[in-house]
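Chain lettering (A, B, C and D) follows the sequence in which the chains are written, and residue indices restart at 1 in each chain.
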Amino acid sequence: MLDPLILGEWWKSFLEGLGLSSGWIILINAVVVTVILLGFGLTSVLFLIWLERKLAARVQDRLGPNRLGPYGLIQTVADALKLMTKEDITPDNAERITYNLAPGLSVFAVLMLLLVIPFGPGLIGVDLNIGVLFIVAMGSIGIMAALMAGWSSNNKYALLGAFRAVAQLLSYEIPMVLAMAAPVILAGTMRMNGLAEAQGGGRWFGLVMPAMFIIYILAALAENERTPFDFLEADSEIVAGYHIEYSGLKFAWFFLGFFLNTLLLASIATTLFLGGWQGPFVKQVPILGPIYYFIKTTVIIAFFMWERATFPRLRIDQMMAFAWKVLVPMGLVLVLAAAAVAKLPVGTALQSVILFVVNVVVLLVALGAIGRHLRKEAERYKVEVRPMPTMS
Amino acid sequence: MIPLSWYLAVAAVLFVMGFYGVLARRNAIAILMGIELMLNSVNINLLAFWRYVHPTDVAGLVFAIIVITVAAAEAAVGLALFIALYRLRDTVNIDEVDLLKG
Amino acid sequence: MNATLFLIPALPFTAFVLIVLFTNQNKKVSAGLTIGTTAVSWLLGWYFAFRAFFSPHEIASEPIRLTIPWFAGGYSVFYTGFQVDVLTAAMLFMVPFLCLLIFIYSVGYMEGDPRFSRFFAYLALFATGMLGFVMADNMLLAFIFWELMGVCSYLLIGFWSYRKPGETHIDHAQVIRARNASLKAFITTRVGDTVMLAGMVLLYAMTGSLRWSEVLSHETLHMLSEKIANVPFFGLTPWATVLAILIFWGAIGKSAQFPLHVWLPDAMEGPTPVSALIHAATMVSAGVYLIIRTFPLFHAVMEGHNGALLFVAFIGTFTAFFAATIGVAQFDIKRVLAYSTISQLGYMFAALGIGAYIAAAFHLIMHAFFKALLFLSSGSVIHAMHHGHHVAHAHGHGDHEEEDHFNPNDMRNMGGLLKKMPVTGWTFIAGGLSLSGFPLITSGFWSKDEILSDAWHGGHMVVFWTLALAAFLTAFYTWRQIFMTFFGEPRTEAAKHAHESPKSMTVPLTILAIFAIAAGWSGIPESFPGLGALVHGWFQSFMGAQAHAIGLEVEHLPFDARPLLISVVLVLSGMTAAWLLYGRRSNVTEHGYVDPLEPALGGLWVAMHNKWWVDEFYQGTVIAFAKWFSHFAYAFDDKWVIDPIVDGVGRFGRWLAVSVRRFIDEQIIDRLVNATAWVSNVVGEWARQIQTGQAQNYLLAILLTVGVLLVLGLGW
Amino acid sequence: MVLQGVFIIVSLFTLLSALMVVTHRNLFISALFLVSTFFGVAALYVLLEAEFLAVAQVLVYIGAIATLIIFAIMLSRGMMQGRTSPYNAQAMWAGIGSVVLGLLLLYVVAFQVDWPVTDAKVPADTISNLGAALVGHYVIPFEVASVLLLAALIGAVMIAREKEY
């Protein structure tokens, strides 16, 4: 009862009742699924923007949007309308095609990911048997968009932003992929739905591998250009990064892409580490699946926003060092550990325990190393400090 | 059903284009791109043969994967070389690099 | 457990390897290695020995074997391996035990020697050789270990020849003597070994095998005794006799019997433990062991007089007496013992010669014990003398002249040591009693008496009386030695300041003393009144099993008082004579110590003192001839033949080279070379234009090539 | 029928972008066209029912190689366009030769050879088979490839880094 799939059955039988050929049915289904996913993505983005502003306001002790609609819920719609009405500027020496292609690409890259997110048991656009790999691949297209935008708008800051995009996104893609590999190893499949299924009975990979989960979250922050990793549009350094020249609707596209990215990274985290739609009674009442999914995702997104409103920006060398000297080694060790433990001839429970212990140990070691490094830094800084020369 | 020869034809044309790029372009990076094209056409061939001749044997896929790996390595080293070259001779035009001229 | 047989020789060998390769620097570890491994071999050896003791007949008929195929010798696979039968068991009871004791003794004796570890490495290697020799189940393997022993004896006799003079108490003359002694020992034994090798080769040629079990089987022996060889000067002889005599020569060399005995006294230059182990207890008796082992071969020819046994008997008897005479007139404490060793070995051979198989084996074991004891305690004496000498020197007594040519071995410098070093003294006396065959209590008595009574009963009167005389002499010189060394007044400062040796030396002495006295009781003949009832001639029955297995009939001799009384009387009289001459009065006159026999015997004394000039004789004849011949051969070879040929070749080569250079090189080759250079230059000038240095040009060329190939491939 | 139409469209797209890659004067643009070519090839892979390879193609070629190339282009931006002709002296000959070679190849693959085509289906567990094969039967090539990658990585760093002398 209350199984969303029943809807699907009904819909199928309805179409067959219309006496359509299978090809047409496939086509129609595809269109319908796409429309649904698009609708979901866009509406959720509207909601997310509002949420972000509200949360930031709370953190900074403000009210945030509160005029339009209850709690200013309509605020975002108004902003969207405003953006549409704005003038759409294209710089003279810009590479027009690329310039116009970039925003679309950035959104497209993220939208594609909606396909493989399991919202509930069997409730998934396309259950690719290489879902995780697909996600990673699409992620790399986002980089391309940033590059195109930054290069084509023929602007120093934009170019710098693009450089930073490549540097940062590529660097953090690696720990991210590592972090995604561990659940795949444990679940033995790359199907997103399979991954969600594999975490039944509260055996969430996020709990089994806390360190991995943390790595993923950090990498996701970087991928999503959120503080403390928002170098791509670091206002105080390179004004607005690669989309500095964009205005109006094109800028809206980037904005859209940004929030979609947030949503998707959060839902990937949910699926890979927090058991996706898994939860109590989900077997009996499948409709609970999507609810659990949304709850978890929202929590993670909220975390993202909270932390964005809280933290200052790192130095760029610190950012790179953090990726290459901390996250990547940790990730490698943990992936190895996961692979080894998965081969151990002991029960799943025991495996989980071992893995958990390993994770904690690695995490502590890494933290210790970072702490020592920071202390050294502080020492050096102390040495370098000179008193101000006094006029005399 | 698409005949195998179509794939082969596409691969051949792609290969020739890449080769042309390698032969005719001056810029080292352009040449690198040509090489990438050629590698891609090779992969198309591999997969086409795998699909049409031995779909049950994964050898073709493995071979393609190895090719991709090699391509990645080659790109990395090649670009590094070009950057070093650019530093050294302030050019990446291959036809200006002829120290081996007899 | 049988698989562990090979460990008995292998363990000391590992010790040797380890010491030489790794632990040469660390003396403690080296000694520990040697002693530890030997101890293990000793335990193993006694395990097998006692297995044999408890079931002699099974072991004798079916020895414990460990056999592997070695190599394919032509038409037959050559097997090798180790075996333990009754005889081997007897040796295994004696050898590793003595080795162990003497090794422990050496720790004290060689203390502070710069090549301490190396010494123990050699000892370990020797232990390998001896154990392997007694356990080898075929003659070739035995021969290999036999030669291994030879090498060890060479290295150990010459051990102090690597010493830089003045490095310790060894002076230059001694270094030279050690070097010569080692060479002498090696070469002299080599003479015997060569003959023996010939015998072995012939044996293999005749029988197609060298395994004891096959060579000494009845049908083989029968075949050998039937086959007749025509030997020059000796006429027709059965092959068995020929082979036996040839092999016996090996024993002559190893056991220092008469013609080849000269090396053993000189071998005393080596450290005393070496003399005790190699040149008294084990290696020299290896010859006897070999003859006992191959005794069936000697015994094969039944009918008529047996040439082989006769030869053995003659050599043995003669040596026994001859060496004894020399022993009477020596002053070097170790040389006396050396000559007594020779004469005792002579006893054994004599016993074998008259067919007293068991008696020989018995005397072999007993002699090993008490002679080792004698040597060790004499070593202890020397040790003490030399230390005492140093003490005296340190105290300012004794001047430098004395220092330079002071000989701690010389009995004339000793005297009254019994009070200084009681343990050494009493153990030496115990050994002396045993050696001189003091009646009833000492093992020497039982073994020697056995031989004598065998001789008496076999009706070999010549042998009997000679040996009896030798027994008298033995008792005489033994007690002469004891009196000169331990009784009377100290004749030098060194003797005054001598003191007892460390525990590591005295403890083995004590143990050995017990064996030297008591071991013999195992061989009291059953027929002996009273005592016989206690033991029932255990050793006889034990070895009897072996004898039975190899088909010798051993009749239990009835008790006969005559030979016993004769030998007892002679022994006692010898001892008394010694006491009268040396014990009662100190022979110190104004010009140093004078031996009372010297004026008494006159020329005979000189002869005996100079060992009947055998060495000089060899120097004059054999060695001189060898030297002359090698010079001649050198001159012939190098001066008259080789050199001219070499020079001619050289000249021809030079002429050839010159002409080749003139006509071929300058005329043809050079021009060819230049032409080549010119051509390549021109071609290069043209071809360099192809190399534009632009990769893309080359690629274009490749493209064209591929195109052309494709076209050809399509067959247009 | 539909499939063939799709194939024709995809391959035309691929080839045209490839052509742009080798002909376009602006290196950045041709790099972007290189990306689109890769996409086309990936699509071809999908048509060949090799989804895994398609995704790997996107991941490696677009995510890594193309990005690297574009990065390099940006780094040496100044001398990318304008200044000199993008073609070298032998461009014409190269073009002719390439066309001839292409015709030859087309002739050969299209008409000369008839390949031993089977109409077997792709087994459903191809990917797991592939994984097993990579760490099983083909483990040596796999390891060699990974070592090659590592070597290339280190080598690239060593070559490209600023030498302080």
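Just so it is clear, a residue touches a chain if its C-beta (ideal position, glycine included) is under 8 Å from a C-beta of that chain, and two chains touch if they have at least 3 such contacts.
In this text the structure is predicted, and so the values were computed from the model without any measurement.
Hopping across touching chains, the smallest step count from chain A to chain C is 2.
C-beta contact counts were set side by side for A-D and C-D; A-D has more.
Averaged C-alpha coordinates give centres for chain A and chain D that are 29 Å from one another.
Rounded to whole angstrom, the centroid-to-centroid distance between chain C and chain D, based on C-alpha atoms, equals 83 Å. Separation between the centroids of chain A and chain B, computed from CA atoms only, is 33 Å.
Per-chain Cα centroids separate chain B from chain C by 81 Å. For chain A, no residue reaches two or more other chains under the stated contact definition. Residue positions of chain D with contacts to 2 or more other chains are 52, 56, 64, 71, 88, 90, 94, 97-98, 101, 105.
Counting partners per residue, chain B has 19, 23-24, 94-95 as the residues that reach two or more other chains.
Of all possible chain pairs, those that touch are A-D, B-C, B-D, C-D. Taken in their complex, chain C has these residues touching chain D: 694, 696-697, 700, 703-704, 706-707, 710-711, 714. Touching chain B in their complex are the following residues of chain D: 3-4, 7, 11, 14-15, 18-19, 21-22, 27, 30-31, 34, 37-38, 41, 44-45, 47-50, 52-53, 56-57, 60-61, 64-65, 68-69, 71-73, 75-76, 79-80, 84-91, 94-95, 97-99, 101-102, 105-106, 109-110, 115-123, 126, 129-130, 133-134, 138, 141-142, 145-146, 148-149, 151-153, 155-157, 159-160, 162.
Touching chain C in their complex are the following residues of chain D: 88, 90, 93-94, 97-98, 100-101, 104-105, 107-108, 112. Of all residues in chain D, those touching chain A in their complex are 2, 26, 28-29, 32, 35, 51-52, 55-56, 58-59, 62-64, 66-67, 70-71, 74, 77, 127. By the touch rule above, chain B contacts chain C in their complex via residues 19, 22-24, 31, 94-95, 97-102.
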